[in-house]
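Per-chain residue numbering starts at 1, and chain names A, B, C and D are given in the order in which the chains are listed.
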Amino acid sequence: MTIKHLSGLIAAPFTPMYADGSVNLSLIPTYYAFLKRNGVKGAFIVGSTGEGVSLSLEEKKAVIEAWGACTKGDMDFKVMPLLGGTSLTDCMELARYARSTNMYAVAFTAPFYFKPADAATLVQCCITVAQTVPDMPFYYYHIPVLTGVDIPMYNLLQELHGKLPNFAGIKYTHEDFMDFQSCLNFDNRRYDMLWGRDENMLSALAIGATGAVGSTYNYAAPLYSDLINAFNSNQLEEARMLQQQSIDMIHLLGKYGGIATGKAFMKLVGVDCGEFRLPVRNMSAEQFARFSADVAALGFSQFSAR
Amino acid sequence: MTIKHLSGLIAAPFTPMYADGSVNLSLIPTYYAFLKRNGVKGAFIVGSTGEGVSLSLEEKKAVIEAWGACTKGDMDFKVMPLLGGTSLTDCMELARYARSTNMYAVAFTAPFYFKPADAATLVQCCITVAQTVPDMPFYYYHIPVLTGVDIPMYNLLQELHGKLPNFAGIKYTHEDFMDFQSCLNFDNRRYDMLWGRDENMLSALAIGATGAVGSTYNYAAPLYSDLINAFNSNQLEEARMLQQQSIDMIHLLGKYGGIATGKAFMKLVGVDCGEFRLPVRNMSAEQFARFSADVAALGFSQFSAR
Amino acid sequence: MTIKHLSGLIAAPFTPMYADGSVNLSLIPTYYAFLKRNGVKGAFIVGSTGEGVSLSLEEKKAVIEAWGACTKGDMDFKVMPLLGGTSLTDCMELARYARSTNMYAVAFTAPFYFKPADAATLVQCCITVAQTVPDMPFYYYHIPVLTGVDIPMYNLLQELHGKLPNFAGIKYTHEDFMDFQSCLNFDNRRYDMLWGRDENMLSALAIGATGAVGSTYNYAAPLYSDLINAFNSNQLEEARMLQQQSIDMIHLLGKYGGIATGKAFMKLVGVDCGEFRLPVRNMSAEQFARFSADVAALGFSQFSAR
Amino acid sequence: MTIKHLSGLIAAPFTPMYADGSVNLSLIPTYYAFLKRNGVKGAFIVGSTGEGVSLSLEEKKAVIEAWGACTKGDMDFKVMPLLGGTSLTDCMELARYARSTNMYAVAFTAPFYFKPADAATLVQCCITVAQTVPDMPFYYYHIPVLTGVDIPMYNLLQELHGKLPNFAGIKYTHEDFMDFQSCLNFDNRRYDMLWGRDENMLSALAIGATGAVGSTYNYAAPLYSDLINAFNSNQLEEARMLQQQSIDMIHLLGKYGGIATGKAFMKLVGVDCGEFRLPVRNMSAEQFARFSADVAALGFSQFSAR
């Protein structure tokens, strides 16, 4: 399989919910159009931002199907679901489902209750799942802060190289730039290394990243498109200023309780995805009011998606 | 609901697998008879030892159903499944299923990908799930080494007390004896605190534990029954010697790669549960031979289940 | 060297300070008499509780000399200083000083900035320091929560056994009861294993501990003496109740900011040791008032030292 | 005090040792000349690389004095010692000594046995020490991987700003680029933010770093000077290639046991600093032979200092 390298911004969409906590599939076509309109090139669905772990298998299938249906025929918009999950059995079933529903690729993260003891065991897991869909690009999703699995990806590549033809690359959500750069340069830049820390995009561009997957591209894609353009045209001071704006925005996630803040941002850009499920806590109305004021003070409307 | 306090040994059974990795339900009646014969008083199924996280929801249901069928009518043998899992939706479905299949109680652990930020959020999760089966005892399963959720259980009890009538207690798999004892003594010893560290049973008995859930009770229950008897009859030197035997046995889990070692022990006692699924690694044949020799050197046959 | 096993309570004294933060040596004879009066059998000085790390080498020498002077001739009260520290050079100098000032033994903990990579390297450190004073008992102080060095002590004993004649044992301040018990039973109970978690004393007594070093023995020794007596006379319910009282008292350390709370307790028992040095924070006057009320509510005066 | 921003490469020198482990002061003038010859602009002495924690206070003074003596009158070469250390008393004494021996500035890291509970307490520590030398630039050294103190530096700046006139900036040895960039941009780039991760220099340059402190500048300064030049002249591909060479070199530190590898590199460039003290382990002769071969295979001589 020829490995395609994705470029530009790939959003990690939230899973829209109704007020009662059930999945709101009807919003997905609107959501897709919104992302397209703001220059986003793809969607990494039912991942961390998409609350995959909080959904049942049937719910994940329904979300995958909805994204597959509305993006069908759009060759310029790549959709890939995160398969799991701690159960490889579930991952394999979901991989087959993804193949039947117009997904571009599949992504897999390390089992995170029992954890693979070393790179060799993690590679065994990857191969087991990826072989289910040998004609689809397969990405590994590296996010140690959530999985607790902190095997260097350079070790994964060394172990995996040559063993899995549909292995495409890594969505890299971790701040080990030495490891990331070593992976970028592995075997003449063979693998597609997608950067996953929005707040450090400029540092990743500097060492060679060209594609990125993130949650803030859902609501602030124009900011990051400008950042990439500034970097590519050697306007480094401009790029730094934009990255600092991104950081100031992301500081609000820390201030207002983390991942649930993302759905609050979505309300502000007019794509109401409801709330997060437990165990994530959502803002109170009072917090949302303060949050909205803080967002306005940042000049959010000047760089937000619309 | 009156809270019953369980006593004696509750095993956390392995989920039997065929050589191809599929679940071997046919072994479960034999397994149950084996545990009964060795003095075990109950089973905590599809938990950590039972590889619940590696099974699909349908597989978990099948295992639950099989245990429910063979233990039906045995009032002296309590079976409870672990419900989850990161998805409360799945947990609620499984709770309802447990109720329909002769389970004594249900157990729930903290979501471990997104993690509850504090005791109040964890309590919300407990209530959400437990209310699905208001007439069944509901246990919280505390195992921070695997979930990464290390909220003191004393804080959980303070937060939860009076809010959830079917809350029965905690399976406590952690070495915070100060926290454990505070929970034991909470509200006049109201809650059922089940000790979950086999290697420290004597220390837990000393401060008041009376029931225990563990994986080594699958294959070495006689050792622990003797330990409890020695403790109860003030033969402390005998109890210490038995605990040291337990420790020497458990050292082999560290030496041979952790949890998968348990299924190797089961082969030695004649209840072949197959192997662990990925991401757990199993012993090679060569390792198994060395392991068997180490086990023999411990005098295992003198205290093993049979 | 014959290894003596210490028994009973050894306090880890606070280092008395004047209001300006300088060391108050003049209080030490009074402090010693106070401990004696309350049944304490020895003192582990300039350790964690004694703020050894916050003192200069000269200040540590002065404290050691003061304890040596006032305890001279008292064969029933054993004093040992903690030598370090990250610099073995300093540790060796202090060991020689300890020998010249009437100390019973010396204690050493793992360097905690650069950390020994394994048990063999830690043993090299121990030998380097202990050989300076080959005729003094040498204790290793295991406190991973502060040093970040979490090498199992069973591995240390296996590596060290037979190589260091003046190695006496371990002050064990960690909750790994499996490791502790394995060390207790090592080579026919050869080594002196001193328990260092006051809140778990009963659990440690159950598996065979006979001596303990701790900070709450400074101000609540009678409680623990009663606990040991209750345990030794098979009054387990009484021992549990006393341990719970100890836990309730220790909960206040968590509530009021940790180690500095200890010096607040000392004020209440009339041995005013001043405050902790930075980076430890002390209570405000307002906090001290609330703390004092909480202490009174525990019935502290019924079991406190006096 | 006007805050000067340092630029270019500042080495963190090893402390030279004789074969018997004593400090070799006589090499220091040679060492200084070697760094100057290779374009290094300053020295951060008795820090992590310089084994400050393994030296006695008197040894640290001797090293400081030796560097002060040979660099006297060289206004283009800035020397600053790390003061501590867990004892603020020692830090203050060393600060005064640094002032009397021609040091440009002083640096201080968080106490790492007892750890400051929050930014406010850490700021109190900084102020206590820095006020001893109010006319010297004072740097905070942020290295959570060794101190275990991971307070965001943005919080430190917010807490400290306006309270300490001689606070100059931060030596930042951590991979939190969001925090680093926020500090760079704080109060119109007021503070001097020195990057401390050699393997990520390019990513730090991209977001605005201009000065760097590191251990590999001791033996490979030409590589990094070329990297900075390439970056400044928009030759990004060249800069990336050089950063990858740096990474390949730094991979050998992991392979051969960490920090001690640095002194092995120094042997290869002809400035033999001896070995590290315990608890650091040094290479065996056999390891050194393999290491030397690996180094040669990297083409080290083409970019090493000479």
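Basically, a contact is a pair of C-beta atoms (placed from the backbone, for glycine too) under 8 Å apart; a residue touches a chain by one contact, two chains touch by 3 or more.
Owing to the predicted nature of the structure, the values given are computational and were not obtained by experimental measurement.
Of all chains, the one whose Cα centroid sits at the greatest distance from that of chain C is A. Averaging Cα coordinates per chain places chain A and chain D 36 Å apart. Between chain A and chain C, the centres computed from C-alpha atoms are 50 Å apart. Touching of two or more other chains is recorded for no residue of chain A.
Under the stated contact rule, the graph of chain-to-chain touches is a ring, a single cycle where every chain has exactly two partners.
By the contact rule set out at the top, the touching chain pairs are A-B, A-D, B-C, C-D. Within the complex, the chain C residues that touch chain B are 175-178, 181-182, 185, 199-200, 202-208, 234, 236, 239-240, 243-244, 247, 250-251. Interface residues of chain C, counted against chain D in their complex, comprise 48, 51, 53-57, 59, 86-90, 93, 110-117, 121-122, 124-125, 128, 146-148, 257-259, 277-281.
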